[in-house]
Amino acid sequence: MSDLNQALATKYKGNFLKEVIDNVEEGDMVQMCMQCGVCAGSCPMGPHWEHTPQKIFMMIRANKREEVLASDSMWMCTSCYNCIARCPRELPITHIMHGLATYAKRLNLVPKTQPTAKFAQLFWNNLTSKGRVNELKLGISLYFMNGFGEGVKTAMANQKLGLNMLKTKRMAINEAWGGHSVKDKSGFHAMLKKAAEIESDSIEANSK
Amino acid sequence: MSDIVATNETILVVGGGISGISAALEAAEAGKQVILVEKNAYIGGRVTQLHKYFPKLCHPTCGMEINQRRAKTNPNLTILTMAEVTDISGDKGDYSIKVKLKPRYVNNNCTACGQCTDAVDAEFDSEFNYGLNQRKGAYIAYNNAYPQTYVLDERIIGTDDATKAKDACPADAIDLDMVEESIDLKAGAVVWATGWRPFDANKIQPYGYDRFDNVITNVEFERMNDLMGPTGGKVVRPSDGAEPKKIAFIQCAGSRDRNYLKHCSRICCMASLKQTHYVRENITDGTSDIYYIDIRAIDRFEDFYQKVQQDETVKFIKSKVAFITEGENNNPVLNGVDTEGYHRYANEYDMVVLAVGMEPSVNQSDFPVEIVMNEEGFIEMDEKNGGVFAAGCSSDALDVNRAVQSATASALRAVQVINQVGAVSPQNEGAK
Amino acid sequence: MADEIKTGAYICKGCDLGNRLNTDQLEMIATREGRVASAKSHDFLCGAEGVKMIQDDLDSGESNRVVIAACSRRAKTDAFNFAGVPMSRVNLREGVIWVRPDEDEAQETTQEMAEDYVRMGCAEIKFMSTPKASEEQGTNRHVLVVGGGITGMTAAIEAARAGYQVSLVEKTDALGGTTGQLYKRAPTRAPYADPEDTGVTELAQMLEDDDKVTIYLNSILSSSDGAPGRFDIEITTGDATQSISCGSIIQASGQTEFDANQLTEFSYADAPDVITQLEMEALAKAADGGPVKRPSDGKEVQNVVFVQCAGQRSDKEGHLSYCSGHCCNTSIKQAMYLKDNAEAAAEGSSIDVQTTILFTDLRTPGAGGEDFYRSGQNKGVTFRKGSVSGVSADAKVSFSDLILDEDDTIDADLVVLATGMIPNSGRNNEREDELAAQKTQLEAENKEVPQEILDEIAIPVESILNLKYRQGSDLPQLVSGFNDSHFICFPYETRRTGIYAAGPTRRPMDTQQAQEDATGATMKAIQAIENAGQGMAAHPRAGDLSYPSFRKEGCTQCKRCMMECPFGAIGFDEKGFPEYNEARCRRCGTCMGACPVRVISFENYSIDSVGQQIKACDIPDEFDEKPRLLVLACENDAYPALDMAAQNRFEYSAFVRVVPVRCLGSVNTIWITDALNSGYDGVVLMGCKKGDDYQCHFVKGSEMAHMRMSKIADTLQTLNLEEERVAVHEVAITDIHRVPELINDMAKTIDEIGMSPFKF
Amino acid sequence: MSKEYSFYPGCSSQSGASSSNYLTSVNAMCEELDIKLNTIDDWNCCAASIGYAGGGELPRVSLSARNIALSEKQHPEQDIVATCAACWLATREASERIKESTKIKEGTGLALKEAGLEMKNDKNVRHMVEVLVEDIGMAAITDKVKKPLEGLKIAGYVGCQTNRPFGIDGESFENPQYLDNMVEAVGAEPIRSYEKKVSCCGGALAFSEPDKSFNLIKPILESAMDNGADMIVTPCPVCQMNTEVYQDKINEKFGTNFNIPVVYYSTLMSVAFGRSAADSALNGQVIQAEKLNAIAAK
């Protein structure tokens, strides 16, 4: 992975904008930003951003590759779409943030402790294993994503919540064994494998 | 109205704002026959609703007085008010035009004595003051309106007020039997100068113009500062009539925005810079904060911008305000991020002025003849337009000076057509 | 018919005049004192019947001049419109009853007010005759265009299209000017996405093919004299000079790129790869769609930085304070050259030229501007809000990024400076005179003349027009040396009638605007020709046929009229007698106001037409306690303001008598001294704003009046009258509340200092 | 004659999942309104808007592509309808992205082939509330009301993804009215000026960043209380979950004592249409909607 990062860094030396345009989901729209900052002001997680979206777009133009990809800002996105709705230049900011996050993840540059990055990965693993989310397993893995000790604490802390969900049949213990699934699992997995391949191949290609 | 003489050597000017008047006068003063068609009951258009012009801070009425005098004394110019062009057919050099004349219910006998106004009771929102106050059902739009002839609001026709007005008139000027008529004109060329309208601020939802009393538009702010305006020149908060101290201006309210108007309206930056002068002149300890993307004080306007920058009562924040909420005492709170270094703000103000931009008045679908427009709705210069020439803000978002410049140019284009079809033309006479 | 003066006075009883005033009394005054042939009242004078009454009298010859005693001269102009008949409008409505309370105790003074105005109208009409154009005018449908750039070429073709002959004078050996040096220009039509051809070649061809157009290359305007309709022009080509005549002139002398050598911080002088926008155009032309090569070593550029506002929008010594308007679009356009060329060269491979535009405010207004900006971004041009601190000799650009709030550098291989434009506006005669005056002043005082004055005098500027006018060789300049109009509503207002500036010499602008501007200026140029042909004045007294003439026997050849004329209309003959050049004249009357011996007059506006009004007023003696105040109000702003005050029924003193004047500049001090001598207690002058932001429609009129009135103090002393008895005010047309106050203030002052002793 | 749609229920509505109660009430509501939902057989997860870390753009789009392809195969003539905001958004976005980008179109095509599927992408992807607003209409809803929810003051919490970026029936993003109209249609009193109606609850970040999210959820509850709401109604499972089940924790964190029921519009309707508490999934409320229980019991 990190050698892919190396390769891309060298390939696009001094032109991170181009790298983003070529490799990041809807990255070509980054250049359309006119730095009005309406996205920054519209984001509910605003106070927790180290770099606002508009600033990240500026950093991309300013070739701040490491800072951008290692930033945990884009992991703050709640996908509320306020930024997209208000952007005067119609930048799909939410998607670009997701895209940057994915790209950073692919290049292994995500801050180790970024909780959303971890959770998002758990979520993906969970849904892809059987084609449908298994909330119980997801919940448990979430509790334990920062290790067993942490997990037990979190689990205890959320005990009441869990019981509430069980009481109202909005959580089911039997999900722990088996649980919901698509029928055509092999087809489903083949599809995802293919899609993943196409994507990583094109990025590999761009790195050469 | 049958006494109007129009031939294929006549120039028709559509729209009696500053651009239309200028085009009409320039052509008429070059000896051409001109008919000016204006939708309102008076000529002058948007500029008559402005308090001052940038960058000289002089009064539009001043230039308008001169133009009115030029119009009064020029035998080549015919002005039709309350008139709208409904159809244009034919080609360059030979157009047939249909004009709809709305009834004014007041004839030329009117001496503008104003007794009808005193006589009627009904009141309606004043269009001239953007609904900031009410005017009577028999009225004249503003002091220096030309023609100096009153109008009866069609909504009072058939009511007691109509008869009251008629009875009150000493000049027998009120004719309640007037009806809408349509007349046919010939023209060799058409100057299209229907100008602009302020962008509808209700559409800019995050700014809550429709929800918050103390969020107003820049055109309303102009009226507030006019001594003869709806508030007698006092700047007041709509919510409680109090004088605001802390005022914010939001630039590009609807402009440069794919959700509203794609184009930059050009004038709004200078308009807000100008309005900071109003704040300083009319409000003791008033302050102005301007939220902007780029300050477009182009060419010599830059000097004006630099002067305002030196004014300690004016602050500039590079930020498109994200959204407005309402705080204590109906104070608008502006939320956003100052992008010069990332400073998040939630700033409370007494009043907010939205610098709304210009939208062309006439769109493609209601246009009476085939015309080439760009996607912003402005008329492009194009052979396909034949003898129809756009002037002023029908052609682009322009300030007054550029609008008149454009109007003068369009007048020439029209004159060229006339001189080509004309029986007696410079060509035929040749030069000395 | 004008031989025997038969004045008909017509008094209106409408609009409540009949109820508020004793109109029989007014009729009597018109006949007895005003000595009019006939005086009639009518219930509704502006109505068809009333107008017919007047017209019948005129037709039957019962009267050949009319006094209309009704409403303001600004009202009912369509009704009271008798072509060729001298007319005096007596303002009984806005001037009297609308500004007076409808109360019995006020009746007497209100009636006196009306009576005086009738007297004044009858007095004025005696000294009015129908203006007839002089013999001087000619029609010459021939437009001279100075400058063969895009502006001049456009003006020439537009004038020809309108059917006028054109002579086009260009000092270089080819048409095209600055635009001719461009590779392409910013788009002028939708979708405003790509640079477009300048069109210069086609335009030049069109001009050469047009038999109405004569082109003079390598030529200058070595002399121009005369007036609209009859300009005498000398065109010098090499050492040959030929004379032509033309009807009007368009000055399209264009602009010069700011001298980047002054920008030492950007190493322009010693860094070959730091260039100006115009030099970038040359590189692009050379590349002609291929990769652009940098000057130093011919290397294909990979990383280009554009520095906006270089030496512009700055108060630094020698820099331009203004914004040149086109540079943002120009840099976007030039960045596009590079992007498009690279694209073409590399068929979309990832080879790329990086282009960065460093700006503080990106100024791409209007529909086209914003589209073009987006298109630039879309093509991958990088925009950064930053202020550039310096450029090193090896093209390293140091700047602070205002968004990221940190310093940064770009190691560019080519740097383009957007340096902006300076107008080619010829000599600044006013400034030259100013400097010369300072110099002689200092020398007279045996003081040392400061170097900067000497330096400024030393800089030779070549004249564009070489006007032989007494008032200078070139068009007067506005701020920053532009030949612009001072008026927002009247962009083509010119202080030299029949001569119109267009293009960047008038205001910073790009090629599209320049072409629009040229078209507008052409409209004015042909209009000037048509007006001159009929002896009509140009804006703002458009159509006025009256023009100044003078009584030679009285003239002392003092040349004040020539010096004070704001429009350079007046010259003088070998004996030193004034020559008026009717077609240059704008009929403001400033000359009339200036003349110390009062020999200058217009057919319908003269020392007498006003002076006799002043004298005609009835001055009650001291013990009546009825002071008389004279107001001389500029008809352009002050008089309308008074009318509007009346519309709003704002009341003011009944002791005032208002006389409208064409411009405060036309006010001759004799009117003031006569008024004071004949017992007026106070005089108020109301004119337009003067100074840098002047509103005076005749440029210097208000200024002049203030100057003259500052000298009236001595007159007052000799009469030993208090200075307070004369007041001069700058009034705006919107001062609707203020004008009545100004009048009442004077009334109060008189109350305090007491009545004039000069009542007989 | 009943309206038919190809139905995409989504993971959270499955039995024993966090919004299974949503599906229960939707079914009751649809029966009353004569809406027939034909579930897409073998549908898969849409990856919501949090799946991005693991899956890239193409894998995520492919997930929705599969569902669309299945729908076309099974119900070729029918629009796809989702009840979950995230499902609707992800599927509609995928559908549009495939229309816009040939690169994505080709990619998903190849991927689908692996699962023996193909897609035409010619049907609309709609949210259940669109069906109610555009196809059924408020009048028709009011007609069906047997037990008007009189005396109930309800804050309509639209949230984010049912609103942005697509919006419902061209309504404004800042102050949409449709949810309030529904409340009115079933005889309850809407709070149209509810300040927080479109603000964000933190979405999936409630799991990964609970504290930050609680800061967002609190004002949503607060403003509903301040406006005197008896309960909150929402069209979105994540909104419902976040605003209801975390109230304890928020009380813990801020020392508040929120205890306000948060129900689905479908629950309101099925109660108003006279269906039982069970059919209306009132038993699915972690915080019991007592007032609704009472009405249902009548």
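Structure notes:
Each chain carries a letter (A, B, C and D) given by its place in the written order, and its residues are counted from 1.
Methods note: contacts are C-beta pairs under 8 Å (C-beta built on N, C-alpha and C of every residue); 3 or more make two chains touch, one makes a residue touch a chain.
Note that the coordinates shown come from a computational prediction; the quantities given were computed from them, not determined experimentally.
Using the contact threshold fixed earlier, the set of chains in contact with both chain C and chain D is A, B. Centrality annotation: B (chain centre taken as mean Cα position, compared with the mean over all protein Cα atoms).
When the C-beta contacts at B-D and at A-D are tallied, the pair with the greater total is A-D. Centres computed as Cα averages put chain B at a distance of 47 Å from chain D. Taking each chain's centre as the mean of its C-alpha atoms, chain B lies 24 Å from chain C. Note on chain placement: the centre of chain A and the centre of chain C lie 64 Å apart, centres being C-alpha means. Residue positions 34-35, 54-55, 86, 89 of chain A each touch two or more of the other chains. For chain D, residues touching at least two other chains, in rising order: 173.
Shared interface positions of chain C, defined as residues touching 2 or more other chains, are 362, 385, 403-404.
Here, these are the chain pairs in contact: A-B, A-C, A-D, B-C, B-D. Across the complex, chain B is touched by residues 172-175, 195 of chain D.
If you check the complex, the residues on chain A that touch chain C are 14-15, 17-18, 21-22, 31-32, 34-35, 54-55, 58-59, 61-62, 89, 206.
Touching chain D in their complex are the following residues of chain A: 25, 44-45, 48, 76, 78-82, 84-86, 94, 98-99, 101-102, 105-106, 115-121, 123-125, 127-128, 131-133, 135, 142, 160-161, 164-165, 167-172, 174-175, 180, 182-184, 187-188, 190-196, 198-200. Considering their complex, residues 18, 22, 25-27, 29-31, 53, 56-67, 69-70, 72-74, 108-109, 111-114, 143-144, 148, 170-172, 226-228, 256, 262-266, 294-303, 306, 318, 339-342, 374-376, 378, 380-382, 396-398, 400-402, 404-406, 408-409, 411-413, 415-416, 419-420, 425-427, 429-432 of chain B touch chain C. Those residues of chain C lying in contact with chain A across their complex are 303, 350, 352, 354, 362, 373-374, 377-378, 380-385, 401, 403-404, 408.
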